[in-house]
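So that we are looking at the same thing, I have put the structure below in structure tokens.
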Amino acid sequence: METYRELGKRLSNWGRWGEEDEIGTINLITPEIRVAAAALIQRGVTFDLGIPFSQDGPQPGGNRVNPLHLMRETGENQDFPGGFHFADDYVVMPLQCATQWDGLSHVFYDDHLYNGYPSTNVDSHGAAKNAIDALSKDVAGRGVLLDIAGVKGVENLEAGYVVTPEDLDEACAAHGVVVRSGDILCIRTGWRTVFTRAGDAAAFMAGEPGLGLASVEWLRERDVAAVASDNWAIEALPGETDDALPVHCVLIRDLGMTLGEMFDFEELAADCREDGRYEFFLAAPPLKFARAVGSPINPLAIK
Amino acid sequence: METYRELGKRLSNWGRWGEEDEIGTINLITPEIRVAAAALIQRGVTFDLGIPFSQDGPQPGGNRVNPLHLMRETGENQDFPGGFHFADDYVVMPLQCATQWDGLSHVFYDDHLYNGYPSTNVDSHGAAKNAIDALSKDVAGRGVLLDIAGVKGVENLEAGYVVTPEDLDEACAAHGVVVRSGDILCIRTGWRTVFTRAGDAAAFMAGEPGLGLASVEWLRERDVAAVASDNWAIEALPGETDDALPVHCVLIRDLGMTLGEMFDFEELAADCREDGRYEFFLAAPPLKFARAVGSPINPLAIK
Amino acid sequence: METYRELGKRLSNWGRWGEEDEIGTINLITPEIRVAAAALIQRGVTFDLGIPFSQDGPQPGGNRVNPLHLMRETGENQDFPGGFHFADDYVVMPLQCATQWDGLSHVFYDDHLYNGYPSTNVDSHGAAKNAIDALSKDVAGRGVLLDIAGVKGVENLEAGYVVTPEDLDEACAAHGVVVRSGDILCIRTGWRTVFTRAGDAAAFMAGEPGLGLASVEWLRERDVAAVASDNWAIEALPGETDDALPVHCVLIRDLGMTLGEMFDFEELAADCREDGRYEFFLAAPPLKFARAVGSPINPLAIK
Amino acid sequence: METYRELGKRLSNWGRWGEEDEIGTINLITPEIRVAAAALIQRGVTFDLGIPFSQDGPQPGGNRVNPLHLMRETGENQDFPGGFHFADDYVVMPLQCATQWDGLSHVFYDDHLYNGYPSTNVDSHGAAKNAIDALSKDVAGRGVLLDIAGVKGVENLEAGYVVTPEDLDEACAAHGVVVRSGDILCIRTGWRTVFTRAGDAAAFMAGEPGLGLASVEWLRERDVAAVASDNWAIEALPGETDDALPVHCVLIRDLGMTLGEMFDFEELAADCREDGRYEFFLAAPPLKFARAVGSPINPLAIK
């Protein structure tokens, strides 16, 4: 059986967009694709795919905590000319605590980042290569939702369930959609509802359904630009092998594909079921955090 | 002469979208407007209007500091099965430190927020009404750039320069654009370049050119949905009167209009000058910070 | 039965040290007491009563999280003349997350702080009165340990166990110590071990043994300067009445007594058992956090 | 001329207290010294040598910012049984932003920390060796103030002024004090007043008077346990050579001596001038920050 390293080498995009490239498969979102995607805005309705950033989020504490929101000013006890009052606030948070894009500096193996940059480019000063702000202009185009849980008729897939190429094909067929080069692919597993039903962060974080390594090849064959899911790590956990997060390793480090985690597809999926259209315009620009390895986002799907 | 309170009362939108409304003029971005705006995506090119979020930003310290970016993991000294390594990072920042939307809870006077909510809704727990996440779905539509500095032929307007209705009309005429209901209006003063030319945060923060009270009425007459600028407070500083930030007071508290601050219009303006089109699709969703009075953003203009 | 308000009024120290006083019973640590306490330093051994400040601490998340320690510099990838390297770090933490003194602005009722200051003195800018840095010079003197759990012969008292005046008297008799005016009283309940035995933060936070209202009067009669314990809130939880934290209310707001929480007495208590001396020199200066309502500390007991 | 490396090698304490040692010269504070120091508590007066931790501190921003103090609860809008109200607060700060001890992991050269530990022990997870909490029990003993500025009759020494062994001897003679093994030596340069006189953080940080390399040898000959000063980096800046911070390098990395920075000696020095006694009991325990490379402190001098 092929190891993830062998798979990664076989599917590698290193050098494909030049030796200086830092955005990987996001290069696949061409201007033409964006123009075509604009035609998907037909009813003018929007779906915010971000989850709330709050201390009631799914993080268990430890290395990743929920966002901490603190008020610097509330408007009280101020004395400005004319009676003006203002409120200001602060946030402390991991850039990986809720809905986010992974930067291409977020994951690596064998001492190299995507496109062959030495992993020493990431240090306590942040990422000198493949930082998240490299993607600041480009993440807008056609989004496609594959509602795997919906097609299977379950509220959510179970933790450890491996989403296969067959599952992806089945969903495409059921939805009447063809995944194309440059698409931002949205995989609904229903796992978001494990958290929202009872607010059980521990259950949400204990594992998840998600992509397996065979699906990585499926994404590569179609030249998907990015993949997002409603779980917290894209891939099935526990995984198919003893390796830690092999899907991350191949997608981010070998393909140069950003991963979108902790998206909320519930309203969007309900709408897609209703109108039968699983494609939409998607705008999800990361914040321009300098040298960061990820960014919180609030992706906007527009139909 | 009319005080800002009198002006605010005359132009007030309180109750216009119901007693429960918390999004104000963003209501004016209708689905139809969004569909029409999609047709502005003709070349598929994007412009990221956010400034970098970094410790080299324009904040002078004190109540508002620049974003503090710290690495939790760099990938070094990790020992995961299969050789996986990951980097994680944290940010500490004021939600008002760089490119942002103001929540309608950000500014008030006379003990009431927009739509009549008592200002006690904002306390150390955040904003119970008019929080920024109320806008999470809606900020996508037609953007229009009025390049006041460009029309005047200057690199930047001077601090204290008051942008008047005549200036706005002049720019509309020069650009061949008509500002309409539901537009997200982008006012370029060139002030961004005061910071970028020499990195002088103190000069950038010492004052700014910007809107005056007469322009507030101009915005209200056209039913603009939101207004953004490349300065840090939308309005001229020092201002027209001794009142602190009267344009903020009327726009946010009386009209219920969100303000976009510290946008970067430089690349966009250059493109508009070249192709003669000052309108574009604009997607600028705030992050869904619960109970927050503002949100950092990276607005995406698409032509 | 006397309510906590009635008890507080009866025992009140308001005005006792003048209308401007902000340090309360810490006034009772006179220079003479400090000189006498110095004579308790006989073997030169020290006991650090602070618990570790780390993300593995007892905080459950939510409003109070464990300290978050992040590296700004690790020494790597630096290039200073002569080969110098340095490491720097940051902390984000509640001032109440581990071993701490409560400021006299930390708790109040009926709109007034200790010594009659209106509670509006505490706002989003911090505490304008009774801030923790008022105590910055004074917290050094005689400490006395009452090892209640030890006297009872249990590893720890149970959650909800109310430490009574009889318990305090019994411990004094067993230890051969008399509690005097100006003493910093240390109450060992053994509750610290509920956390250290199995690292169970939830069990540690679910309740605790601690002082009851009758013991408050006992402290007042002896004119104790401060009281510290190895639980997280000094008082029995669940408490004797339906009121939230009545012991806090009377001690801090009426007596003006600072409370020391989450101390670790394990090594000290073992030593006291061995040498039979339950008194010692105690130095526990709060950090000079301006306008803060509490401070993390590492109290040093010296025998 | 001897390089700092040669000096460091000649004066090295590596191995002196065993291969496992992580506290260096703090070992020199013996129990006997502590008992003798207690006898210096004769009037019972205290001097808090910490500077305020506030956003008005001397940090210029960038890598080290001033402490950021934010309120989590102010007591308002709470509804607890019985009328209890509480305030809670957070701090975000560099552990090196105000009065502090340097951990022995704070500075290194040639890939090794104090006592020969590889510098890879410091990474994004903090310091695995020589962390500041190693000192948590021990920093209490005899303090000696050498008021160099006072002896010279100036408000403050100038930036770049190198404090020499002759200066130290002169101060000892003037004060009638002998520096002995295990002393915590406090060097007053008056530099603190450069900040307090006009609040000019830039002037305070632009340089400083302080120790030179010859004084390092003086400290080593007397076996001082720790050295603290009222500047921000102990040593003269600009320094005697082109090397960056050579005094840090030798003191911390070769001698294993912790450095105390940004102490405030003004009140203490005035008292010493008055009573003629420049020795005192000093208790300055660091907070027990796990894996940290330094700790904020509020040192207490007691006479």
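Labels for the chains are A, B, C and D, by order of writing; each one numbers its residues from 1.
Just so it is clear, contacts are C-beta pairs under 8 Å (C-beta built on N, C-alpha and C of every residue); 3 or more make two chains touch, one makes a residue touch a chain.
Nothing here was measured: the structure is a model prediction, and the numbers come from that model.
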(request) Could you label the subunit A-subunit D interface same or different, taking same to mean over half of its residue numbers are used by both chains? (result) same
(request) Tell me which of B-D and B-C has more C-beta pairs in contact. (result) B-D
(request) Averaged over CA atoms, how far is the centre of subunit B from the centre of subunit D? Could you give it in whole Å? (result) 46
(message) Nearest whole angstrom, what separates the Cα centre of subunit B from the Cα centre of subunit C?
(response) 46
(message) Which positions in subunit D are in touch with at least two other chains?
(response) 63, 68, 71-74, 76, 90, 92, 123-125
(message) If we count contacts the way the header does, which residues on subunit A are in touch with subunit C in the complex?
(response) 55, 60-63, 65-66, 68, 71-74, 76-77, 92, 120, 123-125
(message) If we count contacts the way the header does, which residues on subunit D are in touch with subunit C in the complex?
(response) 4, 30-35, 37-39, 41-48, 50-54, 56, 63-64, 67, 69, 71-76, 80-96, 99, 105-110, 119, 122-127, 133, 136-138, 140, 241-246, 248-249, 281, 283, 285-294, 296-300, 302
(request) Under the touch definition given earlier, write down the residues of subunit D that touch subunit A in their complex. (result) 68, 70-72, 90, 92, 124
